[in-house]
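Working notes, beginning with the structure itself.
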Amino acid sequence: MSFEAPLLEVSGVTLRYKTPQHLVTATYRVSFQVYPGDRFILLGPSGCGKSTLQKAVGGYMTPTEGEIRLKGQVIRAPGPDRMMVFQEFDQLLPWKTVRQNVAFALEASRRLSGKEADDRAMHYIEKVNLTKFADSYPHMLSGGMKQRVAIARGMAMEPDILLMDEPFAALDALTRRKMQDELLMLWEDTRFTVLFVTHSIAEAIKIGNRILLLTPHPGRVKAELNSVSDPLEATVLERRIQQMLFSDELKETADA
Amino acid sequence: MSFEAPLLEVSGVTLRYKTPQHLVTATYRVSFQVYPGDRFILLGPSGCGKSTLQKAVGGYMTPTEGEIRLKGQVIRAPGPDRMMVFQEFDQLLPWKTVRQNVAFALEASRRLSGKEADDRAMHYIEKVNLTKFADSYPHMLSGGMKQRVAIARGMAMEPDILLMDEPFAALDALTRRKMQDELLMLWEDTRFTVLFVTHSIAEAIKIGNRILLLTPHPGRVKAELNSVSDPLEATVLERRIQQMLFSDELKETADA
Amino acid sequence: VSTVRIAKQFGISYLPLTVMEEEKLFEKHAKEEGLDIKVEWLRFTGGSGMNEALLSGNLDLAAGGVGPMLTIWGKTQKNIKVKGVAALNAMPLFLVTVNPAVSSLKDFTSGDKIALPTVKTSIQAITLQMAAEKEFGPGQQNKLDPLTVSMGHPDAQLAMMGGRSEITAHFGSSPFQELELKDRRAKKVLDSYDVLGGPHTFNLVWASTKFVDENPKVMKAFVAALEDSVQRIKSDPAAAAALWIKAENSKMAVADAEQIIRAPENDWTTTPKKMMSYLDYMNRAGYVAGKAKDWRDLFFNLIPNASGS
Amino acid sequence: MRELINAMALQQPAMRPEIVVPDSSSPTMTVVEKPLSKLELLYNVSMFRKALILIALAVIWEIYGRILNNDLLFPTFSATVSAFLQSVIDGVLPARAWASIRILLVGYAIGVLLAGILTAIAMASRIGTDFLETMTSMFNPLPAIALLPLALIWFGLGNGSLVFVLVHSVTWAIALNTHSGFLSVSKTLKMVGRNYGLAGPRFIWDILIPAAFPSILTGLKIGWAFAWRTLIAAELVFGVSSGSGGLGWFIFENKNMLDIPNVFAGLLTVILIGLVVENLIFQTIERRTIQRWGMQT
Amino acid sequence: MRELINAMALQQPAMRPEIVVPDSSSPTMTVVEKPLSKLELLYNVSMFRKALILIALAVIWEIYGRILNNDLLFPTFSATVSAFLQSVIDGVLPARAWASIRILLVGYAIGVLLAGILTAIAMASRIGTDFLETMTSMFNPLPAIALLPLALIWFGLGNGSLVFVLVHSVTWAIALNTHSGFLSVSKTLKMVGRNYGLAGPRFIWDILIPAAFPSILTGLKIGWAFAWRTLIAAELVFGVSSGSGGLGWFIFENKNMLDIPNVFAGLLTVILIGLVVENLIFQTIERRTIQRWGMQT
């Protein structure tokens, strides 16, 4: 398995935002490989370019430097093979109900249609515990409910690679644990690849099998670690990651 | 101190959304009192009406039943005495830079003006670690950065009561800890009252002195607990809250 | 009043007013009456706007075709009593066509379109109806109406001569009709003088009774000035032509303008002609409610010695 | 640092007993609402409020008309209404109105289509955007008369030219609104659409149009109003064969004959059609779309 | 359940060595960018692209004009330009254009103000909204000639009436766009504004107007274009005192004298003013506001 070709290859990618007044470098020469079946975590402080990296993989941004290859092909445009769950709450189509939102994603990307799409949609809506709200419009949902619909949509698409940007951030502890378990169970079923942004170290260890640590703004690779499943090892790893991430902080404090 | 009159009195409040097709009850006969200097936490599963309750306290919704009193007066309209930090990422004015956003809040509510407002703004922007981005417009910020600006704005207003709706949800572990500490330090300085929504039990215990637990949709009061500061006690309390919140879940599983 | 507001429209038929304006004849004659007035000259593009201006009290003297004048006369007999002051001219109107197959009204088919200023109400439309009544017999006056199309003179001329539209005929006025007839393709199908049986007034000046009653001296001066300018035109057509070209900033050749002014059928006179014929027809056709026994009923008593009709 | 905060945390405000609510087993939740008075309920109906406004306007018109007492310029409301009823009974006004509406609908439909195409081109590429911007800023200010020569060459007299002029008056306003609406669609929604693999017309139809619907609807309303204005004015410029002709011609004819109550009856018809279209069509669309979707509040 | 997942987690894909990057101490980050070719750079300038479009349009005009070969109906571009230059050198065209622009600006300013007031009223209460909706749906479709009698009574002949008609053509479109823009402002932003204690005019000025700026700007553009259209048409209806008169009158006069190249020179002036206003004024405003604020992309 380890000799397989990487599914996603990010090599020396620098991402920049050009605005009339500013030039913001979001990530600087970031490289990593995601292999098929990986649950790959991007972990790093706020503003370090995690979302930007995901958007580049999603095909929304062209790197200033370096390149991103999916199955050997340079990524040029977005597509339903890389389904995204965005960080923003306004990622649902406001003119569609919850079930239509999920079903439409399937139809628009020509995965399923009609009854089948609807059935699949309802299946995943049930998984995120929103059956009661299947016919509500997004503006009638709470923040966490909106994110759950987006998660259901992302999962329902059963894509080659699922890009999730802090999908569970708005969820309470219980719901969050349920969603995490759902994700892992689904992964167990279909062995899709997932590129997952989170800011919770515990979540990273639980969800991921490989964790990429990024430095603060602009994001550079600090380390790429394997995750562990044993609770004791997990505590050790958590502390290790904490130290790696917070070392800058500690240094700063020492300087001050 | 315990004989003081409550600052905020929520008594038997039912909150409902009326849409042409639906009638959604968000909370049902919720009562609680917040005393001056309280760090009052609302804790509950996604969609249980935490944000709705905050909006009612903020003055944006009128209860269908019951009433909400601030300093003995029924709340009728929003105002700068109850500064809100919303859950949504689009709460910054897009046409103002980070520093203008914070300064404008001070000016619009006639707290401070001119240089003073700007100084106070920069002070709090530094606290949330965004000095480098003080002159950026909101659309150039990451999700977590936007939320930090909103936090800075809320704190800079130094209101009688600060209403914060999952303010730290989008923040990474390190930044989050920093923000929590900032909030507590600020509280130490000015002893304002804060009504804080969170979905993290640990955060609730760390931040709050009083924790309100709500049932799932529609939200009713399940318990109102005191927080603790001793790490050991905290673990016990955490487990207790977990049990109270997850009991429904466990029952459901048992039923199935 | 200290300021008299007077309006005219476009076309060489308003020449007497142009001369009056350029030579400041009105002011001159007013001074002779012992009045020091200011004259404000306004321009309108049609009789309807002018009538509204008159009714709203923003205009004292209006100048236009027979049609609008008779209409407003008929409508105001019960209130402000608008009447004619004096005529400006008697000029024929030609129906010109570029369709070689047409030589009389009978030859028009549904493939032809006749452009005129406004269907049904303009003097050209009325004249066409009168001609149709003559040509096809009583009760047939509306026979050609379906072919008529409302269009401003320049647009109509451009459309017809441009040869790109279904407009094959234009019932216009001077100088458009003369310009059109210069083209080899164009020919005259109808002459309004033939329809009316002689020269008829084309343009005239009208005002409200109130204004005339309150300003007898001004009106006297105006009529005198008008007579004066008519005399000048008659005595020196070349000068009048040059003056008109200059005042209007026209690209027309002075000789062409002079030719129109000199043309025998174009009579520069303050005497109204064939007003009653028009009124009779319009009354019969239901366009104007009021009746008059004599042309003097239509006019103020300012040109008492004229032998109008 | 941690210790400091923990130390601080001891200085808690007002310690008070904990509350634990037993599992309430009341499945029926009764909510006691304050009832509204009849007047309030009536006032809540937008039709009622609008009727009030209309009545007030009519009364003002009537009074002002009587004060002016100038029937040839500005008739009273009652005179207008009686002329209106007369013409309606005659069948003249309905026929004229229908003639106008028919042309209007054709021109409007083509204008909307054209605006759609122009905006689609504008969304497809940068030069498309420049093209739309340039065309709009050039042609939108041109009055209908400017188009007369081209209209005559291309469509001749009659309805073809009228439709052409209508299209001119409708297209730019709708295109401007639609384009600006498209540009204002949230980046996230656009990314979602692309993510589904939508592109070209499907992207526009499935994502941009619903997302920009408030702007588009405003464009449609403005286009509709300007189509009326233009049609009525254009019937004069473009000439009408006698016997046919729409509302514009009805107004103009009566104006020429100084039959002012009839002129106002014609205008009243325009007003009434405007009210009907706004309240029956546009409001319904609004209620079913942007209001249901929570896009406007 | 927990155990199940933990068991699953053992079946990990591709185990591979960990990577730890040492603290890179390179403070200067050099980025190697692919340079763009000269042509690409030039093409990136919107002015350049627009110039291309304009040249293309001019060429099409010239060619079509020559093919038609009908100077009476549709002169060539070159004939129009030479007539234009002639009239500019004369000083006639600038004077006329200036006369029009002056009135236009007055009417536009009043229209914008009025639209602002109407929208403010509409935002203040429900009956205000109904009032705006009713007024707009009633009056927006009315052509300028409908206002003639009232204009004459209230303002007499001349500029007052022209301004009145202009206001009518500007107000409704801007009010509609502004109002719909206000309604579409995100709920959260409105709540933020209220939270600051803003209300009434300050709320509108500080929150609603900037938040709805894309819509408002579209309204201003449409209003501007329709002001031109209306002005040119209205100058004919209202007549003119001798010697004065604006562009509309210039066009009409020349048409009367069958000086068609001059007519088109007048129209060309309108087009040029449209281009200048769009590219110098509106585009600049757009760049400084909604584009800088990231409200449109």
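Note that the chains take the letters A, B, C, D and E in the order they are written out, and that residue 1 is the start of every chain.
Note that in this section a residue touches a chain if its C-beta (ideal position, glycine included) is under 8 Å from a C-beta of that chain, and two chains touch if they have at least 3 such contacts.
Heads up on the chains, UniProt names are A, B = ABC transporter; D, E = ABC transporter permease.
Small disclaimer: the values here were computed from a predicted structure and weren't measured.
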{"item": "Third chains touching both chain C and chain A (ABC transporter)", "value": "D, E"}
{"item": "Partner chains that chain B (ABC transporter) and chain E (ABC transporter permease) have in common", "value": "A, D"}
{"item": "Chain C and chain E (ABC transporter permease), separation of their C-alpha mean positions in angstrom", "value": "44"}
{"item": "Euclidean distance of C-alpha centroids - chain B (ABC transporter) vs chain C, Å", "value": "82"}
{"item": "Chain centre separation (chain A (ABC transporter), chain E (ABC transporter permease); CA means) in Å", "value": "41"}
{"item": "Multi-chain contact sites of chain B (ABC transporter), meaning residues that touch two or more partners", "value": "19, 88, 90, 140"}
{"item": "Sites on chain D (ABC transporter permease) at which at least two other chains make contact", "value": "70, 73, 149, 152-153, 255, 292, 295"}
{"item": "Set of chain C residues in contact with two or more other chains", "value": "52, 56, 155, 158-159, 162, 164"}
{"item": "Pairs of chains found to touch, sorted by chain label", "value": "A-B, A-D, A-E, B-D, B-E, C-D, C-E, D-E"}
{"item": "Contact footprint of chain E (ABC transporter permease) on chain D (ABC transporter permease) as seen in their complex", "value": "46, 49-50, 52-54, 57, 68, 70, 73-74, 126-127, 130-131, 133-134, 136-146, 149-150, 152-153, 169, 172-173, 176-177, 180, 183-184, 187, 190, 214-215, 217-218, 221-222, 224-226, 228-230, 232-233, 248, 251, 255, 260, 267, 270-271, 273-275, 277-279, 282, 290, 295-297"}
{"item": "Complex interface listing, chain C residues touching chain D (ABC transporter permease)", "value": "47-48, 51-52, 55-56, 68, 71-72, 75-76, 79, 113, 115, 118-121, 125, 145-151, 155, 158-159, 162, 164-167, 287"}
{"item": "Residue numbers on chain A (ABC transporter) that touch chain E (ABC transporter permease), as the complex places them", "value": "1-2, 4, 14, 16, 19-21, 25, 28, 35-38, 64-65, 181, 184-185, 188, 191, 209-210, 218, 220-227, 229-231, 244"}
{"item": "Interface residues, chain E (ABC transporter permease) side, partner chain A (ABC transporter) - complex", "value": "1, 5-6, 8-10, 12-16, 18-21, 24, 29, 31-33, 287, 291-292"}
{"item": "Chain D (ABC transporter permease)-touching residues of chain A (ABC transporter), taken from the complex the two chains share", "value": "55, 58-60, 77-80, 82-84, 86, 88, 90-91, 93-95, 104-105, 108-110, 137-140"}
